[in-house]
Structures are given as C-alpha cells and as structure tokens.
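For clarity, chains are labelled A, B and C in written order, and residue numbers in each chain start from 1.
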Amino acid sequence: MAPFSIYSFLGLGVPIIAVIYYAFQSEQGKPTLSNIALVTHGSYLLGFENSIVLALITSIVPGIIGLILAYAIATSRSATLKRLVATASGVLANFGGINLTFMFIATLGSTGILTAWLSAIHLNPWNFGFNLYSFYGVALVYLYFQVPLMVLVITPALGGLRPSWREAAENMGASSWGYWRYVGVPVLMPSVLGGMLLLFGSGFAAYATAETLTAGTVTLAPIQIGSLLAGNQLAGQENVGYAVGLGMFVVLAVTMILYGLVRRRASKWLR
Amino acid sequence: MASLIPDIVEDALVAVPEAPGRRRRPRLRVWRAVVLFIAGAYFLIPIYAGLRFSFENDAGHLSLYAVKAIPSEPGFSAAFWLSMRLAVVTLALTLVLMVPTSVYVHLKLPRLRRLLDFVTILPIVIPPIVLILGVLRAAPLWLRASPYLLSLVYVILSMPFVYRSLDAGLSAIDLKTLVEASRSLGGNWLNTLWRVVVPNLRSALLSATVLTLALVLGEFTMASLDLWTTLPVWIYQFQQVDAHVSTAVSMVSLIGTWLLITLIVSLDRSQSRRTRRRTNNS
Amino acid sequence: MTELVDATRIAGPAPAGARVSLEGLVRTYGATRALNGFSLAIEPGEFVALLGPSGCGKTTALRVLAGFERLDSGRVTVDGRDVSKVSAQHRDMGMVFQSYSLFPNMNALNNVAFGLRMRRQHATQRRQKAGELLELVGLSDQASKYPHQMSGGQQQRVALARALAIEPRVLLLDEPLSALDAKVRAELRDQIRQLQQRLAITTVFVTHDQEEALSMADRVCVMSAGRAEQTATPAALYSRPTTSFVAEFVGVSSRVPVESENGSVVLFGERCRIRASDVGLPDGPLDALLRPEDVTITPDETAKPFVTHKSFLGAITRVIVQVEGVAVRVDVRSDVAADIELGARVRVAVVSRDVLVAQRTATRPGSTQ
C-alpha cells in the first residue's frame, strides 16, 4: 500500500497541486489573481464555453445513441453479435486521436470517400456548409469513441433489467410505453446519467482528436492549454495555462456536483 | 370481481388480430436491423475509407507503395521502438505496482477498497492535458530530460483500467482461502503471490496488459506536449510528407490492436471453458 | 400468522372467479415439445396446482395462460371466450413470479398501485385501494419501503397484493415460494390459501414441490413431458394414482419385483389384485409400487426379512426392511418402532388388497434409495 500511496501522490497529487499553485503565481513568483482574471474573459472564456457546449453535445447525443444501440444488441439473441460488439466497443472507445482523425479525413474530408459518394448524388455536404475541420466536425468525430464508450458503460445496466419486470407490467395492463415510462427508464436512469457524466468528462478533456483534426484552430480549453504549453504565449503570461487548467477542474467539479444532485433524485430507490 | 373486464377483452379481441408473440417480434427485428445498419455504416465506413486511403497512391490508384514504404521512412523506426520501449516499461511498472497493491488491499485492508476505487478513478476525471501540464512543471529536470517520464505518467493513466480488471478478478476468486492454504503449506509471501495468486488472476492480468499496451501505443496528447516523437506523434508529423503512409501506419496499428485483443479474449475464453469442463467432471 | 381483514370488503360483492379451459395446448421450441397436447379444465374459484419435475411444461402452460407464450395449436378460453389471441396486457390475469419481479424503483404502495395506474384510476382512489391490499397481506407498515429494503417473504406478499389489485379474473402463481426459506414459505403458503378461499378467485399455481401442491390446491394436475398425467384432488392423487409416474412422483414408493398373472400378483406370499387402470400390462415380470403406509411389519424370529435402517420422523419412524434383496420402506408408529432393533427379523404384509404396478425398470430407483 505504501508504494502505491507514494506513487499516486507523486503522479497525481503533486501535479494537481502544481497546477493550482501556479495558477495563482505571477511569473515573478508572487501570488496574483491576474491569471484567473485573464482566463475568465475574452477568448479564454470562449474556449471554456465552447468546450462545455462540445462536452454537452458529445455526452447527450452519443449517450442516447449508445443507449439505443446497446438495447438493440442486448435484446438480440445472437451471441456472436454481442461478442463482436463488446470487443469492437472496447477497441473503439479507446480510439481517439490521430488514427481517428485520419480515418475521418479519408471519409468526410473534401476528397473523402463518403464526400465523393454523396457528391455523386449531388449531396456533397461541403456544399451545404459542412466543414469537417470545425467545431461540429469535431463533435461528429467524437461520436466515434463516445458511442462505444456509452455502449460499454450501459450494457451491464441493460442486463440488469429483468424480463419479469416487463412481464409483470404487461400482466397488469401496461403497454410497451407504460413499461418504459414507469419502469424501464426510471430503473436505467442512474446508469444513464453516470454514463453521460463519463462522456462529458471525456468530451471535455479530449485534446488529441481536436488538435490533430483542426490543427489547433478551434477555440477549446484543452487546445488553448496545448498551445500555451508549446510556447505560444505573451511575455508575462507564462502561467495562464495553469489558470485554464484550474478552470477545467472547476468545470468538472461543478458538473460532478450537479450530477450528484440529479442522481440523488433519480436513485432514491437505490438507498 | 370483474367489472371492467368484459369490454377490455372485447376491445382486445377486435384490436389485436394476432398472437402476442408473433405480433411484437417482427417490428422489433426491423427496428433492430435499422439501428444496427446505421451504426454499422457509421463505424465501418471510416475504417473502410482509412484502409482505402492506405492502399492508394496520389493518383488515386490502388497501390501497396504506402504500406511497403513504412519501415524505411525517416524517423519511423526510432518512433516505433520508442513507443515499444515505453510500452514495456509502463507495463512492467504498472503490474509491479498494482498487483501487490490490489492483492494486499483485498486481503488485509478491505476497508481501503473504497479509497482505492476513488484514487484509481481520478485519472479518468482529470484531463490528461492538465495532468501533463502539472507534471512538466513539477518533475525534476533530469526526469524531464528522459522519455521514461512518459512511462511514469502512463502508469497513472492506466490505473483505472488495470485496477478495475484486477479488482474484478480478485473478487471472483476466494483469495483469502487460497493464500491461507498456501501459507499453511509453508509458502512465503513472494512464493504465494507468484505461484498461487498470479496464476489465478490470469485473465484479469491479460486484460490489464492489453488495455495498458493499447493506451501507451495510442497516446498522443502527453507525448506531443512532452516533445517526444512516439509512434502517434510521428504519424501526425509525417502526414505533411506523405498522408498515405501516415494513414497506412495508423490503420496497421488499429488492426494490430484489434487482433491482439481478439486473440487474448479468445485464448482466455477457451481456457476458462476447459477449466469449467474439468470442474464439471470432478 | 398475520391477521387478515375482511377480504370481501375489498374484492367487492359476490366475487366470482372465471372458468378457465386449456384445450390441446401444443408449444414447441425447436425440437423440444414443451407442451404436447396439454388439456385442463378449471372451475370458477378453484385452486389448481400444476405439479411436475422441471422441464415437464408446467411453467410454459402458465405462461401460455398469462399470454407470454404463443401457442402452436390448441386454445385457451376464459368463461367460454377464446383468449388465445389476446395479448398479456389485456388478459386481466394477476401473476406472481418466482422472485424479484417487484419494480425496484417503486415503493411497496406504488408497486401495488401500478396496475390501477395503468387502468387510469384516480390517484387517491388507487392509493387507497393499494393501501387496503397491503393491509390484506399484512404489510401496511411497509408501504413506503423499496423492494431492496424488504425480505424475500415480504416482497412476495407485496407481489401477491399487486397481482390482486387489478381484480384479476385468474390468479397465476409461478413457483412463488421456491426462493424463500422454509419457515416463511410455510407461513406464506397458508396466507395464499386463505386469501384465495376468501376471494374465491380462480388460481393456477405452478410448483415442483409436491408438499406445497398437495397442501394448498383443490386439485392437482401432475404433468410430465408436456401432458397432464393425472388431475385429481390431493387425496385421490396420493391414494389412487392412476399411473406409475404419478405414484412415484407423488409421495414415496418402494418398488418390489413381482410376476403378474391374470390381473393379479403375489406379494409377500399373498395374492393381490392389480389396480384396475394398469391391467393393460401383459403377464410377466413387473414392479409393484408400495407406499410406506401400505405395508406393515411385525417382529418374527423365524422370518427372513430384516431391518436395515431406521429414521425417526416424529410421530412415525420410517423403517427400511430388506426383503429378498429389495429395500422396502415402511412407516411404523414411533413407540412401536422403538422396540424394533436394527437387524431384527420381521414379517412383512401388505395392507391393501390391490396394488399399483409398473413396468420393471433396470435401475430400480425405489430399491436403492
């Protein structure tokens, strides 16, 4: 236990403390609030806003899609399909970054395969305002690992839905709608919320995909940190990156608190 | 007893012409087919596009040149071997750190399991980019000069997956009895861990290994910000030179990971099936 | 035992159960025939148990009746009306499942009120009725508990109240007691039976436990291989089984090899008639099936049979006697048995003058156990 405690303190605790500490330090080593003031205004504030919106979109949409997909698979009788999807989800959920970027450029880039197919029927998405290298392009690409992540998280919960609940509901005169409205959805709700929180965190933090896809041109908080770390900073603002990092902690903390409150309501039957 | 019953039955007789089982299933099947088709298209078309692009030359003709060129491209082998070294070091560190810790906590300090659950979930919650920000500032200079700083951080990143699979594996076996049996037969702690506990955790260790390797070989954020050209960083940089080659490398690494996972999962399945059969016979 | 309130007040005036008839039910899964021409007629207000080993089709029969399983052929009628094609949702049958069928996200009261909610009853009305039903099963104080806060027995009582809340035409019980421990099981058994009699609700009860079936039901239908083997009152089933399957499945029987000749056999030196229904068997080697109480023993130094085992069961003691290499179980009053030592020589006789016979089996399960 001791080696583990030391390791996780050095590897987790110290870096976190460093981020918080330097967020309040000026370049001269004096305590200051100017870094904080800077990141709560202008382009840094926009970065947070965009990141939060992106994280919301890429947690709610893939959350729902993942739930539907997981249900379609859970109710199937094919063991092969289940195994295939479980393996595929495990791989795809960890499949961010550079590989994904290349695949999507080859698919929906201006000369991508799908773009070519759609152009052939005069539906080239680029002619309708679509741009893969933009905010919504990033959101579309994020689906690729967020949906499998949701499938992984929610499948065990779907397995916990007992057939006898459905039969009991039907038996007492409930339609399919009645069952889902009063039993299925409420029972799944805590797991769905938990899954979406995970997706929110992963969408909010994702750097590699957005950076490689847009070459750092979208205004997102992680991209700004990367850019600051790579040396793109003004003199006297060397510690701004730490303030952005602290801001990301704050956003995540607030999200967790909100999640805790919602979950408490949704799962009062669990306690 | 049955005031509202007759009309309901009558309604039902009129409204529901077919047997219930027959009535519901086809609709569900069509619905499922549609969902699976859309999902399949979304997940498979990019893979197809990536593969297609890897096997094309600039003129858009099918060609193996990109795949053949991979090993000889400048910087590729350095990046490849750097990633491999990082993977091996990370894996060794992770197992040496996490296996004794989880075993010890399961055995002696079950009350600390909740704390361990919490600590090991943190790396999922903390954005990697913020973590590396803190690491680069806090690490001493001699460590910052070494690529193995990345391995040290990757150990942290892999903790959530590794601990969870070890925890599941440990919960599935009667660890206490196994260890007590071994100790009573004269085994010392190291012996017991190596000869009794580890063999029983085979599948948990396998999945921890796969997850760690996949994580290290695909990690881009930290490596690029620590300015080390690991395989993913090389792929990104090389697209300026030849995007076909870059894509080919990335597809090969995807397929390699996939095969590795499938192989290990199926090995594990056949192993556990054999074990079960043996148990049934006895 | 929980106190019961006046059930008629809740069930409304003049409760009348439905008449149910299952006719020639056939249901196959791939190559296996779960139901193979199963028929059963149930009188209004009757409590019928479906009894049989696992895989005999009893649960399938219940699920067909509930509307969860589709039929390959045959039909189900309720009060003369064919409901084979009515969905479970509209059948108005209350079902209690083996276990864990309470909705985990609702407390006991809302679970009971669920069916009424689906029938769009007013909230205050359904709460009141659900409260009354919880009172009926003796759980008024548990109304706001969630399923995971209740014991298994309490959960099954809530499930019972929930099934009764919709005033079902037929109450279906699918092994509702099998997940409970012995004491709770006995208590709930009595409670279900009392409620059923008060409400006079037609009830079908599936079980693999013969004691449960015999002690609760008006009639028991023993099933085997997807068919009804025999349907009769518990007493008739026990004392006059019409087939060897029933004789061996219900109660305990010893198998004794005999030779049949012109409809009679010689058993322990006495000639006995073969029971009418099995006369069809040809002359030759058969096994006689004997209940422990069909046989008496008296100490006799000169006799060959001797006592090999004794197990004390309270008022009676079950004695196993070795007769010409065959073990025969005999029930003896315990005070009498106390005087019989292990190894003592005894004379064996049959009480009744007609015996049930079966084709001789190679393994002879009755003689080895």
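Convention: a contact is a pair of C-beta atoms (placed from the backbone, for glycine too) under 8 Å apart; a residue touches a chain by one contact, two chains touch by 3 or more.
Keep in mind the model is a prediction, meaning the values are calculated, not measured.
Chemist: What chain sits nearest the middle when you go by CA atom centres?
Modeler: Looking at where each chain's C-alpha mean falls, the closest to the middle is B.
Chemist: What is the chain whose Cα centroid lies farthest from the Cα centroid of subunit B?
Modeler: C
Chemist: Centroid from C-alpha atoms only, then distance subunit A to subunit C, rounded to Å. What do you get?
Modeler: 56
Chemist: Find the geometric centre of each of subunit A and subunit B from their Cα atoms only, then give the gap between the two centres in Å, rounded to an integer.
Modeler: 17
Chemist: Report the inter-chain centroid distance for subunit B and subunit C in whole angstrom, where each centroid is the mean of the CA atoms.
Modeler: That gives a centre separation of 51 Å.
Chemist: Can you list the residues of subunit C that touch 2 or more other chains?
Modeler: As it turns out, subunit C has residues touching two or more other chains at 67-68, 87-92, 119.
Chemist: On subunit A, where are the residues touching two or more other chains?
Modeler: none
Chemist: For subunit C, which residues count as touching subunit A in their complex?
Modeler: Where subunit C meets subunit A, its residues are 66-68, 87-95, 97-98, 100-107, 114-115, 117-119, 146, 148, 159, 162-163, 165-166.
Chemist: Taking the complex as given, what residues does subunit B use to touch subunit A?
Modeler: 28, 31-32, 35-36, 39, 42-43, 45-50, 52-53, 97-98, 100-101, 104-105, 109, 112, 116, 119, 122-138, 152-153, 155-156, 159, 211, 214-215, 218-221, 224-225, 232, 235-236, 239, 243, 246-247, 250-251, 253-254, 257-258, 261-262, 265
Chemist: Residues of subunit A touching subunit C in their complex?
Modeler: Those in contact with subunit C are residues 162, 164-165, 167-175, 178, 182-183, 186-187, 269-270.
Chemist: Where on subunit A is subunit B touching in the complex?
Modeler: Contacts found on subunit A: 1, 3-4, 7-8, 11-12, 14-19, 22, 65, 68-69, 72-73, 75-76, 81, 87-88, 90-92, 94-100, 102-107, 112-114, 143-144, 147, 198, 201-202, 204-205, 207-208, 211-212, 222, 225-226, 229-230, 241-242, 245, 248-249, 252, 256.
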